[in-house]
Structure formats: C-alpha cells, structure tokens
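What follows is one structure encoded as structure tokens, with my remarks underneath.
Labels A, B, C, D, E and F are assigned to the chains in the order they are written; within every chain, residues are numbered from 1.
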Amino acid sequence: MKAYLNRRYRFSASHRLHSEQMSDAENRATYGKCNNPHGHGHNYALEVTVSGQLSVHGMVCDLGELDRFVNSEVVSRYDHANLNTLPEFAEDVPTSENLCIAIYGRLQSFTPAKLEKIRLEETRKNTFEMGNMSL
Amino acid sequence: MKAYLNRRYRFSASHRLHSEQMSDAENRATYGKCNNPHGHGHNYALEVTVSGQLSVHGMVCDLGELDRFVNSEVVSRYDHANLNTLPEFAEDVPTSENLCIAIYGRLQSFTPAKLEKIRLEETRKNTFEMGNMSL
Amino acid sequence: MKAYLNRRYRFSASHRLHSEQMSDAENRATYGKCNNPHGHGHNYALEVTVSGQLSVHGMVCDLGELDRFVNSEVVSRYDHANLNTLPEFAEDVPTSENLCIAIYGRLQSFTPAKLEKIRLEETRKNTFEMGNMSL
Amino acid sequence: MKAYLNRRYRFSASHRLHSEQMSDAENRATYGKCNNPHGHGHNYALEVTVSGQLSVHGMVCDLGELDRFVNSEVVSRYDHANLNTLPEFAEDVPTSENLCIAIYGRLQSFTPAKLEKIRLEETRKNTFEMGNMSL
Amino acid sequence: MKAYLNRRYRFSASHRLHSEQMSDAENRATYGKCNNPHGHGHNYALEVTVSGQLSVHGMVCDLGELDRFVNSEVVSRYDHANLNTLPEFAEDVPTSENLCIAIYGRLQSFTPAKLEKIRLEETRKNTFEMGNMSL
Amino acid sequence: MKAYLNRRYRFSASHRLHSEQMSDAENRATYGKCNNPHGHGHNYALEVTVSGQLSVHGMVCDLGELDRFVNSEVVSRYDHANLNTLPEFAEDVPTSENLCIAIYGRLQSFTPAKLEKIRLEETRKNTFEMGNMSL
C-alpha cells in the first residue's frame, strides 16, 4: 500500500523584494513594506512530502537519509542566509514563490522515495505549495 | 511553474443549528447541544487556496488584492455576526458545511488567480473543505 | 517538593457586549463590533493551574477528580451557551474579564489541590489571567 | 455540493521498532534509537477525512456517529497501548506507516460518508497520510 | 478584582549579531551562524501583559487604545525592518534580549493599565521575557 | 536589566504508572488506563527558563552552552527511553510530576545563568511546572 510521509524542517532567512527591472516607485507599489531597503526576515517552515510503497522495514523511506539530503540541499543553504545574495536570486526576486521553485528543484533528485509536494510556510498566514499532484 | 498560495483569515461568529422543518425533538436529536436555544459561537479560521503561474514579480497574485477581496466578501460579512440572521441562512441551517458553500460562492469571482479550495476551521477538531480539485 | 499542574479545557459560547446603563451610541463606542445586536461567539480555552505537594502516588491531584469538578462547575455551564442569558451576567456585561471572575469564583471550592490561577483564551490574540500569585 | 470533513482524534501509545527477521545490528542500523529495547512512546493525532453530499440537515455526516465509530475502532484500541503487543503487529513492525495501514483498514467500513484519507501525526515533524485520492 | 490581559502582536524583522568591539573570530565564536555577514530574519511574536481593576465596562483596558499604542510604538517601528540600521542598536547588538529592553522601554508610558510583562518569541524554541514581577 | 530566557526541548518516552506498594486493584483505581500493563508513551516538550543580567554580548547566556548542558543531562537520558527502567524510578512511580522533580534536580547545577523554572508538557492538555519563583 502506498503511503505519504510529510517531514518538517525549519530555517530562518532574510530577504528584500526588489526588482531591478522596475523603478523604485513601481517596486514600492508592487511589494509594499517587503520592499524596505534594508530587508526583513522570516522563520520559514518547510514540509516535504514523499511517497512510496512500504519497504520490508515498514517505512516509506529512511528518515536519516531524507534528513541528510534536505539538510544538505536546502537547510544548510538557506538557514541564516540573506536570500538576495544567493546566485539563484541574482535575477529572480526572492519571493516565497520563487524560493519554492528553487527548493523544489533542489529536492527533485532524491531517489529513495518519490518527491510529491513541498509546502513552505512564510508566516502563519501565508503558505505556498508546489508539486506534481492535483493538490 | 504553477504554485499554490494559501492565505489565512479569521472571524468570530455565533449560530444556532435549528431547522424549521423539524420538530423540537428532532432538532435536538440531530444537532445536540448545537441546538441550544440561545446559540453559541466559534472563532473560525478560513484558509483560501489560489493557484496560478508566477507573474514577472514572482508572485501567484497580489496579496493586498486578495486580502481586500476576501475581507470585503467574507470577513466583513461574517465577523462578529450571528449567522442565523443573514439571508443566506433564511432557509438553510448555518452549519459549517453550509457556511463553506456560502463562502465558496462568494469567492468564485476572484479573477487575479484561480480559486482552488477553501478550508474552514470551526474548532481545532472540526475542519471543512470544499473545492474543484481531487482533494 | 511543590509542583504546579496546568490542565486545559475547551468550550464554545456566544455573547454580546452591551450595558443597559449606557446609550446605544456609548455602547457602540465602548465595545465596537462586539456590540453587534445579534451577538457573536468564540471557542474559549481555559487553563486551570493547581498546586500541591506530591501525594504518595506522585501526583499533584487526581486528574479525574479535577476534570469532574471543572466540567461540572464550568464547562457544562458555559459550553454552547449564550452568556448574556445567564444570571451572573444579568447586571455585569459578559466580557471575558467578567467571565474570568465568574469562573474563578466557581473553582475556588476545589479542595484536593490549591487553585492558583486561571487563564482564559478568547482568541489567539486575547488571553486573560486571574489568580492569587504575583503573576 | 460535495464537502470534506476532517475530524481530529488523539491517543498515546508506545512501541519499539524491531524486526525478528534481522540481526540486532541490522535492527539498530535500520531503526536507530527507535530500536531501544524498552520502547518509547508518542502522543498521536489522527485526522480522519470523510466526504459526501450534504444531507438535508446541512451536514456531511453526523459527528456523533463518526466519533462513536472512530473511538470504537481506533482510539479505544490504541490509546495507552503498547503497539508491539497487538496481533496486527505480531509480524509487522509497528512503524507509523504500518499503524496507518492498520487504522485505514479499520475505518473502511464506515458507511454514512466516504472515507477519503487519514493523516497520522507521530510528532510535530513526522506525519503520515494514506487514502484513495491523488493526495 | 485584578485581572491580567495578554495581547499578542506579530512583526517580521532581520538582524545580524555582530559587535564592533570584538574581532571577526570572536564574533563568530560568540554568535555562530547569527553572525553571518548578510543577516537573517525572524517572525517575532510579542505578547504584552497589562493589569488593572476592571472598569465599569468590565474590561482591563480598551483594546483599541492598547493596539494603537503598541502598533505606533513597536510594530510600525520594527515590522519589516533591519534592526541593525536603527539608532537603538547603533551600539548594542540587536539580540532578542536587547530588543526586549528596547520594546519594554517604549511601552512603559502606557497609562490606561499597568504594564506587567512582555514576552518576545523569536522562534518556537526561543522566547524572552522581561517585567517587574517575580516571574 | 534582568531578562528571562525560555528554551524549548523535545523528547519521546514511554512509561507505565504502577506502584509496587499497592494492589493491582488499587493501582488501577489510582492510575486508570495509565496503569495498562505494557505501558504507553508521550512526546514531551520541556521548556527551561533561566534568568540573568545581560552580558556585554547582549545575551542571558550562551545558547550553545545551555543546549549542550540540557541535552547531556536530560534529552539524551530520557529521549526514546522507557522511564520505568531508569534508576530514578526504581522506587518512585514515573508520573510526569516525578519526572519534573528528576529533571529539575539534574538542571540545578547549570551555572552560566540562574535556573528559574521548568515546564514539562505531557500532552496538549497536561502541563507541569516546578521552580523557585512565586509562579
């Protein structure tokens, strides 16, 4: 039987929403206070969903293996970082949507189970999801 | 790439579950303590899920625009209200399921992104969902 | 050694903040949307703190005994009730502060352990506390 | 209109992850500290999702009926139990994935609404899902 | 009877822990990854506790008045800000402890009720408190 | 200025409430389902409160130092353990109250800041506190 495992990670980062392709006034109109010049930050929570048939050990996948992969690919890269200084945001504005795309791309190569979905909580009020399922 | 945005709202309302088409005894049997004559209330949390391709600004949709729409259509209507006194519950009992239908109908006309799902939390134990996806 | 036990209860109730001793305009100015004529409601969480020396059983007090007392004195009285219809709010406006006073009075006679404090959560943003300690 | 109801239950249980088909060293390598000889435990939260057309009472199904079924089939069986001593785990290791399978099997025969999904929270970081939908 | 009101606020900010009075190596040893050159950020939650005798309206103080004061003094100043750029952190490192001191000082002049305590949540794991009571 | 730091830890353990000094019937009457022969388990959350004057680094104490101490003294000892097998519960029943006493004793020797209080969450409904302050 197929089961889904959701595993939760946390990291804190700062960012500033600002596009070089717009004027300062347009940036302000588009991003509001998220455009403040010195940036601001969030505690992000990331939930990674993988699926698979249960192994003989009764598990979707080895949690230690998943943790090492996600920590190496995502948490160690984004925790206590300023997103604007990273190469993946050299051209793209580091919105949480674009951060989702970057994280999703980094997790695609996990092979012990199938990556289904990621869910990124920016604040209690704002959450973003991305994946290859209908929801 | 398609992304989903979940945005969270809160409102407090009171209601009484009582159908004019049933006897008092039937109402009591059907709705239990929710049929108490003077009503009771809840802090509702509403999670609205919209989806879309990312704009050049790297966003599913403008949060301010979504907030103005949801606040105008839903929060300002139901916050600190007695549901039984509203026209949409003149005939239908204001269960959280029927409240879901009413809210979902009111949010359909949002155009900047596609309405996917709503999730209405009545209490920590009871949550209701409605939408046009497989879950 | 003295230990403190906090035990959590939940109930849902409705109320309307309105004082007969004020004009309608004064009521509106004082209570805002909480003065809406048909009332509104909340999911309340109540945390009761009792203290005592540990018994030979290694417990502050018997949880079943505490539950029976709090359920009988408080939860069964206020759950799914309209606070405005209760005698303790015949003269006093059923604010959460006054509800705290009423609940605290009802719990005073618990004898197996010492009542220290109650904490009443009206919403995630508003919490009220009352007790005989410095905080 | 079709609606989904999620209802939340809680139980506490203990388990030890250990397979008779592996050596002690293999068990330790596979299950880590979850293989500790005397077992350990968790507070599980179970969210049951059922769906259906609304009845004339405006409800997906009667909550009391659902509660009696889930409490009888699942909560009373697993609450304050040691999973390793139960017949369903005589051969299968009581991982949360296998516990999901056992719970899902026990809930299949609920008829007043359609069982869609279960979600089992082992800790805040680990959650498991199973069901007959795309997610 | 005296009651305590806790009111919850939220803001997001970024900071970098770095003291000009230490070498780079000492800064790194003292602040760890919080010393990363480009800063990082958090979603802060602030709980403000005030106390007082209940007014004839049955309230510790007017919530709107408290909100206007806290929003004006604290939230509007720190939300979506980089703490390192503010004058109160020109000499003091913007640790959450020092942010507590700054916030507490700004709230002292609230007169409608007595400021008892503030509680600043930096992450789910780290919380700081300050006040004039025994806890 | 004096500040309080609360730091949160988690561990999972199992236990059985049973006293050798009582008959089986008395044990059952006293501890209810917590007396089930094979034990059960919980996810515990432990909040440790320490206080102190701020150092020149603007901190109550070094978080890494506190973590190493609490992990070494408490988390590594109780995580994924069966409390009944530990020497501190050879005579005392491993209630959460007695676990509080054991943990509090183990944390007393922390010197970089003053231990004020511990708070042990057994479930969302039951929390225990112990310390040398008025609450």
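Please note the rule applied: a residue touches a chain if its C-beta (ideal position, glycine included) is under 8 Å from a C-beta of that chain, and two chains touch if they have at least 3 such contacts.
For clarity, every value in this text was computed on a predicted model and none was experimentally measured.
Considering every other chain in turn, the ones in contact with both chain E and chain F prove to be C.
Chain pairs C-E and A-E differ in how many C-beta pairs are in contact, and the one with more is A-E. Chains compared, chain C against chain D: the Cα-based superposition rotates one onto the other by 180 degrees, nearest 5. A separation of 28 Å divides the Cα centre of chain B from that of chain D. If you average the Cα atoms of chain A and of chain C, the two centres end up 41 Å apart. In chain D, 124, 134-135 are the positions where the chain touches two or more neighbouring chains simultaneously.
Across the assembly, chains come into contact as A-B, A-D, A-E, B-C, B-D, C-E, C-F, D-F, E-F.
Against chain D, the residues of chain B that register as touching in their complex are 19, 21, 30-32, 92-95, 97-98, 100-101, 104, 124-130, 134-135.
Of all the residues in chain E, the ones that touch chain C in their complex are 1-8, 49, 54, 56-60, 62-64, 116-117, 131, 133-135.
Residues of chain D that touch chain F in their complex: 10, 12-15, 33-34, 36, 38-43, 79-82, 84-85, 123-124.
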